[in-house]
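Structures for review follow.
Both complexes below contain subunit A, partnered by subunit B and then by subunit C.
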Partner chain A sequence: MTLRRLGFASAVVMISAWVLLPIMLIALAAFSPRDVLYQWPRPLWPSTFTLDTFLFFAGSSGVLAATWNSVVVAGLTIALSFAIAAPTGYALARYRFAGRDAANLAILGTKMFPATVLSIPLAVTFLRWGLYDTLLGVAIVHTALSIPFVVVIVTSIFAGVAFELEEAAMTLGCSRAQAFLRIALPMALPGLAAAGIFTFVLSWNEVFASTILTLDNRTLPALVLSSVSGAGAPLHYRFAGGFFMVIPALVIIFLIRRYLLSLWGVTVR
Partner chain B sequence: MARISLDRLWKRFGKVVAVRDLTLEIADGELLVVLGPSGCGKTTALRAIAGLDRPDAGRIRIGDRDVTEVPPGQRGIAMVFQSYAVFPHMRVYDNVVFGLRMRGVDAAEQRRRAQEVASLLEIGELLDRYPAQLSGGQRQRVAVARAIVVRPEVLLMDEPLSNLDALLRLHMRAELKRLHREVESTIVYVTHDQVEALSLGDRIAVMKEGALVQCDTPTRVYHEPASVFVGSFIGSPPMNFLAGRLASTDGEIGVRVGDHVLAVPSSYRRTLAARGDAEVLLGVRPEAIAVRDGGPLAGSVMVVEPLGSHHLLTVTVAGARVKVMMDGGDAPQPGQTVTLAPDPARVRFMDPRTGLAIAAA
Partner chain C sequence: MRPPVAERETVAPEALRLPPRRDLAPYWLLLPTALYLGVFFVYPMSQAVWLAVSDPRSGQLTLEHFQRMSDDVHFRDAIRNTLLITAIAVPVQIALGLAIALMVNTCFRGHTMFLYLCAIPIGISDLAAGLIWLSIFIERGYLNAALGALGAIQQPVTWLSFERRDWLVSAIVVTEIWRATAIVMIILVAGMQLIARDYVETAQVFGASRWRTLLEVFLPLLRPSLQTALIIRTILAFQCFATVIIMSGRLVPVMAGESYFWYSLYRNANVASAYAVLILLFSGSITYFYLRALRQRELDVPR
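Right after this comes the complex of A and B.
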């Protein structure tokens, strides 16, 4: 019995370490002074902590603008993907129609195409359409990437809202649409909010498509990637940049972790 | 209050025929119980009256209006669902006045009617709570309150008591009967429980496999079942059916059951005489058979179940098992031979081929 618990505990420790170690290393490095970073061997725990590295990054040219771009793209992605995927999810959950399973499969099938591979032909197409190097173009690609997730989430949310409740509303004088707005939507709101936040994180972290599709109007991941792979940015800049990008995702997912459980089908009554 | 009239309703789900050529007239203000086993089409018929399912053929009238094309919210109906369907994200008060709010009733009138209904259903202290904080029985009363507060012409109830425990069910049955007197609506009540049907209904519409089998007062459905199915479904324990053959001795018609011959009651003489020596089923309820010396049927007692106020005997007669109810007190022993005398006034004859009752003259 104790052997089992020991095995379980060590598995937990290993998995946590696998996830936390890189984040910790980056965090520590992001708050170490520049000269500490260039020491060899580099101490695991820096002697002094400083905000200089971080501020250097934040103040670097283009960082604040890129951050703003990321926010705009994420916002557009949420708006577009919800406009398309939320009604789709409702329809798939409520109606039985010919081609329903095929539609489901097709939507999930788009996930088979890696964004990296698609981005290059997309860049060519966007150049033709005048969408290259625009935030809207990036948002469109992010929307395409997030729609399958949002559809699946919204479908399962509305499948979990008993149709009888909307029927009861209809017998009390609601039209189909009113029953949806007054009964189904309020009940689905927590799940929809979590889906929205998930979409935000997806868009915020997306790096490949945004790198290929932007030149001057970079999003933050694109900026950091191009500066890392491009003309050698200083080491502390890269660590600070990496940490800066990880923070929003970490914080948000920490806050909505309870809703993520219900998103993935484990209903908490 | 309104009359309801269902005219030749058909409803199919894929290949399954849920409701088959249903024609039914429900009188103004009556409480009609639609009774039948699972899958007989009773809930489908109710949902068709509500407007939640479109029938494939047939018309539905409520009052003077043909409502077949009218959406549920405009038919003058209110429905209590089997799962209650109380809105979980609203307080009980908001649930109850939801229908009034949708119809634009002003807030003061909403409050007045809500209080009225809350005291009728004893949910006054629950108005501020959320449904998740209520017990099943309380939620059921909220569902009923929400339905009757709009003063519908027609109140539809889909097995409202089946999710309650036995004691609560007994209590709510009496409450619903009281409610029917207070509320001026025609009530259509769906259930599979024949005791509920007998207790509550002004009339009972018995359905089987999508078709209406009999629609009559509880007394008639109980004492004059239209078929073997109705006789077996209604009454606990169900009606006994003995296989017999008509025989004519000295001009007197009798029924031969095994080795015994029973006289045919005078009300049946003419209709049975026309059948020559056909096979018939003799239907008689357990409480209509007396254990009496010199009775026309003889059998051996298999089981004696003492049920307090009476005994339930299982007697083998001519190879068939017959249930007999006798008063508490001295009961025969298993293995004993007894003679039984069915009450001729309570005997019903059925055609063994069709399962339908043979009409008395």
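Right after this comes the complex of A and C.
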């Protein structure tokens, strides 16, 4: 029995190390002096730590602008996808109607769809519409990618807020809209915030569409990818850049940890 | 942990007690999503097909772009590599994700912490994951540093090079496994929470061993989640892109990568779209295959 527990504990430790170690290593590389990254024998642990590598990345041309672009695109994506998808999520949670199952299935289908392939035709269309190489254009694609997630999480949030409370408010003289605004919405707010944060990550991380749809107004992943694949950026730039892009992910996963299961836990039957 | 909406429908028919509504409100609420996805999802999809099969000048139907795609030196490699990476990475992701999910499901002390920890890679992009593992596999990387410190090597080994295509593919596969096991794990943990404890307990009352309970009761009940995880992961693996570019440049061509190169290097949206359509076809057929192959048999325990 103790042997079994020992085996279990070591499996937990090993898997944790497998997940955490690479993240720690990239952090180490991002704060190592530049010459350590190129020397041989290569020390596992640098003798000194420095911010130089990181500052070199942050100071490289276009990085700050691209970071700002990424934030703007993510903000636009959150605004657009909530404006468009949140009502749908509410409807799926609160109403029984003909075609509800079909709507659910369509949402699931879009979630599984190889959506990045849409970037190429959209680039052609956006050239015609004057949206090519604009932040709005990128945000539009990111919105299409995040809509299924926003719908799913908003549905599960409002399914968790008892309709009886809204009804009670209505018997006490609230209108349908007032009951929603004063009762259901405040209760759903934390979950909605989590969905918003998840949308942020989705947009912050998206590479393919951003690279295809921009030329000068790069988002951060698009900039890093094109400077690595096109210009052969130096190693310390790559490592500091990798770490820089991971930081928000670490914070965000911690913030929305309670909602991770409802974001992904929908199945095909 | 908040149970997903599906459970509320099957377990507690709370939603069914809602007043039946005959009004048009839900359709109005659905309209924005339907319109948006119509314009920015369905339309570009048809556009992709159109670009792939039409001549850009005359607008006539042509197979010329598919011809150029398949004549290209990277075409066969791109398909072969994409399928290879998928075929190795996805089963490992499913197995590892299932193992972690089963461990979380035992609710040992600290299991929520373990769950969040294993979920971290969900927030990491394929680009960042590629850079992370590049710092390990590159010539002056941590792998060589560790091997050097152990005295196993004197000179750094070049893991990521043209001569060692299999090492390159392995490095990409390891990175994919590291990054995407988390999604599989989350889908499966969520699925396990839908399985009523009664089934497992009943099996144990009738004397089934732990192992048999797992194989004959638990896993069949988990099938919908396994199926979802399998479909989502396979389709995403068909689109693998940034990790591959970071690790190998174009030494290991993949389908999404070729689409990118044809668009941004050769400025040819038509051949790029032909690749997009190819990915679409692959994704569609594998989904169809999974749904048929994993269809619930009639004798199975109804959920």
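Structure notes:
As a working rule, the second predicted complex is superposed on the first by the 253 of 269 C-alpha atoms of A that agree within 3 Å, B and C clash if a C-alpha of one lies under 4 Å from a C-alpha of the other, contacts with A are read in each partner's own complex, and residues count from 1 in each chain.
Heads up, the rule we're going with is that contacts are C-beta pairs under 8 Å (C-beta built on N, C-alpha and C of every residue); 3 or more make two chains touch, one makes a residue touch a chain.
All values derive from a computational prediction rather than experimental measurement.
Once the two complexes are overlaid on the shared chain, A:L3 sits clear of subunit B and of subunit C alike.
Considering which of subunit B and subunit C touches more of subunit A, the answer is C.
Look at A:V207: by the touch rule set out above, it reaches subunit C but stays clear of subunit B. In the overlay built on the shared chain, the residue A:L105 is in contact with neither subunit B nor subunit C. When both complexes are overlaid on chain A, the residue A:A177 reaches neither subunit B nor subunit C. Residues 162 of subunit A contact both subunit B in one complex and subunit C in the other. Touching subunit B in their complex are the following residues of subunit A: 162, 164-165, 167-175, 178, 183, 186-187. Remark: subunit B residues 50-52, 71-74, 77-79, 81, 83, 85, 87-89, 98-99, 102-103, 146, 150 touch subunit A in the complex.
Every residue of subunit A that touches subunit C in the complex is listed here, in rising order: 8, 11-12, 15-16, 18-20, 22-23, 25-26, 29, 37-44, 83-85, 87-88, 90-97, 100, 103, 106, 110-118, 120-125, 140-141, 143-144, 147, 151, 155-156, 159-160, 162-163, 191, 201, 204-208, 211-212, 221, 224-225, 228-229, 235, 238-239, 241-242, 245-246, 248-250, 252-254, 257-269.
Residues of subunit C touching subunit A in their complex: 1-2, 4-6, 8, 14-16, 18, 20-21, 25-30, 32-33, 36-37, 40-41, 43-45, 47-48, 50-51, 99-100, 103, 106, 108, 110, 114-128, 130-136, 138, 140-142, 144-146, 148-149, 155-156, 178, 182-183, 186-187, 189-191, 193, 224-225, 227-228, 231-232, 235-236, 238-239, 241-242, 245-246, 249, 256, 259-260, 263-264, 269, 272-273, 276-277, 279-280, 283, 287, 291, 303.
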